Amino acid sequence: MTTRNEPLRAAILGATGTVGQRFVTLLAGHPWFELTAVAASERSAGKLYRDAATWIQTRPIDDAVAAMPVRTIDELMDRDFDIVFSALDASVARDVEPRFARRCLVVTNASAHRMDADVPLVVPEVNPDHLSLLSPPEDGKALPAGIVANPNCSTIGLVLALKPLADAFGFERISVVTLQAVSGAGLPGISSYQILDNVIPWISSEEEKLEIETGKILGRAAGGTIEPAEVAVSAQCNRVPVVDGHTLCISVDLKGEPAMEDVREAWRTFRAEPQERGLPSAPAQPIVYLGDDEPPQARVHRDLGHGMTTSIGRLRECPILGYRFVALSHNTLRGAAGGALLAAELAVARCGRRAA
Amino acid sequence: MTTRNEPLRAAILGATGTVGQRFVTLLAGHPWFELTAVAASERSAGKLYRDAATWIQTRPIDDAVAAMPVRTIDELMDRDFDIVFSALDASVARDVEPRFARRCLVVTNASAHRMDADVPLVVPEVNPDHLSLLSPPEDGKALPAGIVANPNCSTIGLVLALKPLADAFGFERISVVTLQAVSGAGLPGISSYQILDNVIPWISSEEEKLEIETGKILGRAAGGTIEPAEVAVSAQCNRVPVVDGHTLCISVDLKGEPAMEDVREAWRTFRAEPQERGLPSAPAQPIVYLGDDEPPQARVHRDLGHGMTTSIGRLRECPILGYRFVALSHNTLRGAAGGALLAAELAVARCGRRAA
Amino acid sequence: MTTRNEPLRAAILGATGTVGQRFVTLLAGHPWFELTAVAASERSAGKLYRDAATWIQTRPIDDAVAAMPVRTIDELMDRDFDIVFSALDASVARDVEPRFARRCLVVTNASAHRMDADVPLVVPEVNPDHLSLLSPPEDGKALPAGIVANPNCSTIGLVLALKPLADAFGFERISVVTLQAVSGAGLPGISSYQILDNVIPWISSEEEKLEIETGKILGRAAGGTIEPAEVAVSAQCNRVPVVDGHTLCISVDLKGEPAMEDVREAWRTFRAEPQERGLPSAPAQPIVYLGDDEPPQARVHRDLGHGMTTSIGRLRECPILGYRFVALSHNTLRGAAGGALLAAELAVARCGRRAA
Amino acid sequence: MTTRNEPLRAAILGATGTVGQRFVTLLAGHPWFELTAVAASERSAGKLYRDAATWIQTRPIDDAVAAMPVRTIDELMDRDFDIVFSALDASVARDVEPRFARRCLVVTNASAHRMDADVPLVVPEVNPDHLSLLSPPEDGKALPAGIVANPNCSTIGLVLALKPLADAFGFERISVVTLQAVSGAGLPGISSYQILDNVIPWISSEEEKLEIETGKILGRAAGGTIEPAEVAVSAQCNRVPVVDGHTLCISVDLKGEPAMEDVREAWRTFRAEPQERGLPSAPAQPIVYLGDDEPPQARVHRDLGHGMTTSIGRLRECPILGYRFVALSHNTLRGAAGGALLAAELAVARCGRRAA
């Protein structure tokens, strides 16, 4: 059993892909978690991490991780971890994650179990209380067992932008058109020949995810399950030749016809549990409102708050739904590894493992 | 006076920019128009066209035009033309175009006079009858005097996609989010440093143009003016790193809740006056419906029908407005020079200058 | 046996990839060849071509081909063809191509057999006489059996630019740095996440191919084999975020210190056997010299001569080797399917099947 | 007079452009320099900096600078500064810089005076002793008067890569082909319509700068002037669609035919005066050799050492000059503002203003 201030033993499943690489980068020097194993597909297993990963992060690989042998997932099944970060493909995650989840906390970026009734789908600033679906840690365990899912990368920016509006005003209808970066498709992901000088106005299952996950995240935890929010979401998703950063054009029908200044104020004053608890990966400001005339831009604003801040701009009237604006969120930081890590930190803090 | 089958004498104002270059390319070998002069800013005047233009078309400059001297606009004021194609900036067009329009037909891509009460804003397949705003040609003239305006490049794709739906069903609300190519901003236009690896979710005045022009184009010509259609348009415009081709994500509330198959059928069977008259620049199919699962893509589909065909795909239910789809239109061909040329051809044909 | 003017029966191996798609496009309506079968990997076999191919050409699929069933390579082994176009991966081509080559002419874009002693590596304007390595057609056959290989896409632009200089002056040392388009890597090829906002200054085996193929192509056919030219080639290859078109920065030590004007003249006056024979795919000008101050640009010039013309510009002194210039060649037209098709046409014409 | 540890009063000329913005960012919180004024063109003068600059850095503008009024250059002429950083265009710099240089130190990124006999053209790790061209500070002055020039952005990567080889082996001939980022052209710089899906194999005056500056920088300071190194440089420059980072393909004829391992060792062990003096902007490693099989990539490696480290990889034999490799340098950090700032720090340290 780990004592209160020992580092928590962590593993990464799917460690060589784009999200896996981001987990590796973010866990380097993390104050709470110690990366003790990395797993990937059979093709990579047996190699050192530095040889198995086509490293494409701008920060070099942490030396200790670079020299780690890559394991198969099966090899990790028998080992003891406090927490497992999953960057697996959904098809693999479906079977693998529940097996780990019997023994430890699995924080996953995969979509396989997001809509499971007993799996909290968590954006820490939006629905931290959904973690109550997890049972308390068993005796001798540092953390609860179970799965905590990170939503789809484009959903996260949407619900972060909407949360202060949900709290302050409420709404029933959302229209969102996304312009999504190629990194969201992982590696190899989109072929360069397909996306250079092009827009692909379709992303497999993405619209469905946005439309269904939004309701769950904005819903209420009650009686061991989540009652989804009643909100109609129309999503149209586009892939654009951008490296990182999803841009969202959002319209919404805020209740009570609030003044524009009140809407801006709702965003500007927004703080949430991760900020209050001072979680290591929590940005000082989860949301920045840039200005009515200042659009959030992928390359310019995606790294705000170390890629954890959602930028919003161009609030204005919508002749259809009443209110329109543009939001931007970093899809592999806040939208994947960074968001999952923050959810993990929240889960740790909530079960009393670390002081605020 | 030109006789019936002599070529019509044409000039291009603003001939060295991206739209001007497209006019030059399209007029090379045109069966009706003969390019007899090119004008540009003081900076270019006096040079040969080949030296004045930073030529960026894939087709080489027509030899005859390459050797033409570039004139100032003032130098052209005293010369005789049947038709003037204007690719001027709006600020210059405001004063210049009316001066030419007293003596000949001005077909313009500039926005300056689009919303003038007496100026038809024409997409030939959508509102050919708006040309009735022009008076008949004066004695001894081949063509009417006056201004015919080409709408904004993103408006054109929108109204083309909507026209068959307006005819078959009608609607009151449209929501459109655009992903627009950089060529729409002309030269120098958007700096490469601003748009590479980026999305700019704002284009100066573009949303206003889309929202207001759509009503005029879909409106009715009556009593020497245009009664705009009553339709609420919400437009959100984005610049993306694409060379040519505007992608539009469109939602619309079709009246009578037609079956999806009826909507597809409306597009598939659509033909209009330019096709019936066999205008030289008219595409065989103004609209192609690609399929429910086949999204129109900028690089793949923009050149359909020599860049004059609007591609549509992904028709599906919208939880907000009822119907959603994606459309794509070439912004410097159909959306600028090609569209203006087709409007010119329509004006010529309508006043009996050329047989169908 | 086919008679003299019947179309030659053709098949494409690897028909669904980028080069295969180009073959399909170029063979549509070809005056000599009739596409009678398409083959691809097991994954595609059994589907209709339109469903098996992720079509990314701007010209729609020819209707007849769209409806063709995709076969496995083994299924084609027993059928009768006059000519087989191979767009296979080198690893597959190694075994497959010789099996077809026993019975018919195989014109291949794969690298597997390029350096085989008995395989002509042909750029039709550069070394047409290397086709003499093929034996004459057997009785009852329209074409010789055997393999004709198309060189590497970057080699082709290099040797085309050099051929007139080899004829007029000779040289011993060549330095070439390439900036290569992503289409050269096929599909899926380079991940968009790797190449957007990036240069990858390495392409697997590309430099070796350029350095070794150049000598063979510029060599002499003698005694049933090729005596390579004695030339030292230094190649450095880079992948850049460009769709189509390889740019080559070339330095060369021309013998006899010719005047710059003589070098330009050598390019300007260059014509070769494909032009003399009037082959269907031969460009009027295999080489265009754009000017001392006009650099060939990928997007602007790659389509000259239907993608079969090499553009050259910026001839100037090199302080190291004496002469420098820039060349551009379309890598999937001249550099792959178009070049292979022209070589096939040359082989057909050389054995008397078609008049000039 | 400023005392030894007071901050040095700094101004930026041309503060709103891309290099000016980088100066603003780098001077925020600088331990030695305090930005006290910003100047730009007449068009910007009078506005607050935040309104005058089209800010495109990922780090937000420092608050104090955002609120600074932008001055004209003339307005700064009468004010007192210890140091002026110039990001002016060469045409403006020609007259302006000498006027400031009579009274204070001007560290410039402009090309106007780079080749002046009395102006040190300094890359701090390469030729720190060229600063000896400056006279010692006059009484009452903290720093010398005069101009210190930063070389061209592509030259800097070249000479940094070559310096260890010059020290260890020497050479006489260099061939370099560059693939340069668009940020090197400033704002508006290259139009996006020109560079998307394109390579432009020409940059105005760039090859000349590379060829001539290299000799000066690698030359010897003697008798109040610089005796250029005797080295033949062949440069071919290309603009590619990359945001930041210049890639250089370099060949060189090292004397004495050193073993490859000795070449790598020369790079690996390289340290220089900025590292020894611990200058604030000096990277721990001015050069990183990535590996024989690891090419430096613009997006992946440009930010190493906060954009001040030159990455090198792919050392191998060159059949023409003997040795080949690829180098990468950040063009607006090391290649412009960062390099100039490091040169300024070196000048300060060399005249005893700050301890090592």
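Per-chain numbering from 1; labels A, B, C and D assigned in written order.
Assume a residue touches a chain if its C-beta (ideal position, glycine included) is under 8 Å from a C-beta of that chain, and two chains touch if they have at least 3 such contacts.
Given the structure is predicted, the values throughout are model-derived calculations rather than measurements.
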{"item": "Contacts common to subunit B and subunit C (chain labels)", "value": "A, D"}
{"item": "Centroid comparison with subunit A (C-alpha atoms), farthest chain", "value": "C"}
{"item": "Where subunit C and subunit D are represented by their mean Cα positions, the distance between them in whole Å", "value": "43"}
{"item": "Distance from subunit D to subunit A - Cα centre to Cα centre, in angstrom", "value": "39"}
{"item": "Cα-centroid distance, subunit B relative to subunit D, in whole angstrom", "value": "47"}
{"item": "Residue numbers of subunit B (touch at least two other chains)", "value": "56, 196-197, 241-243, 299-300"}
{"item": "Of subunit C, residues touching subunit B in the complex", "value": "55-58, 60, 196-197, 243, 299-304"}
{"item": "Complex contact set, residues of subunit A against subunit B", "value": "173, 175, 177, 179, 196-202, 211, 232-234, 236, 238, 240-243, 245, 247, 249, 251, 295-300, 313-314, 318-321, 324, 326"}
{"item": "Touching residues on subunit B, where the partner in the complex is subunit D", "value": "18, 54, 56, 182-183, 185-197, 241-243"}
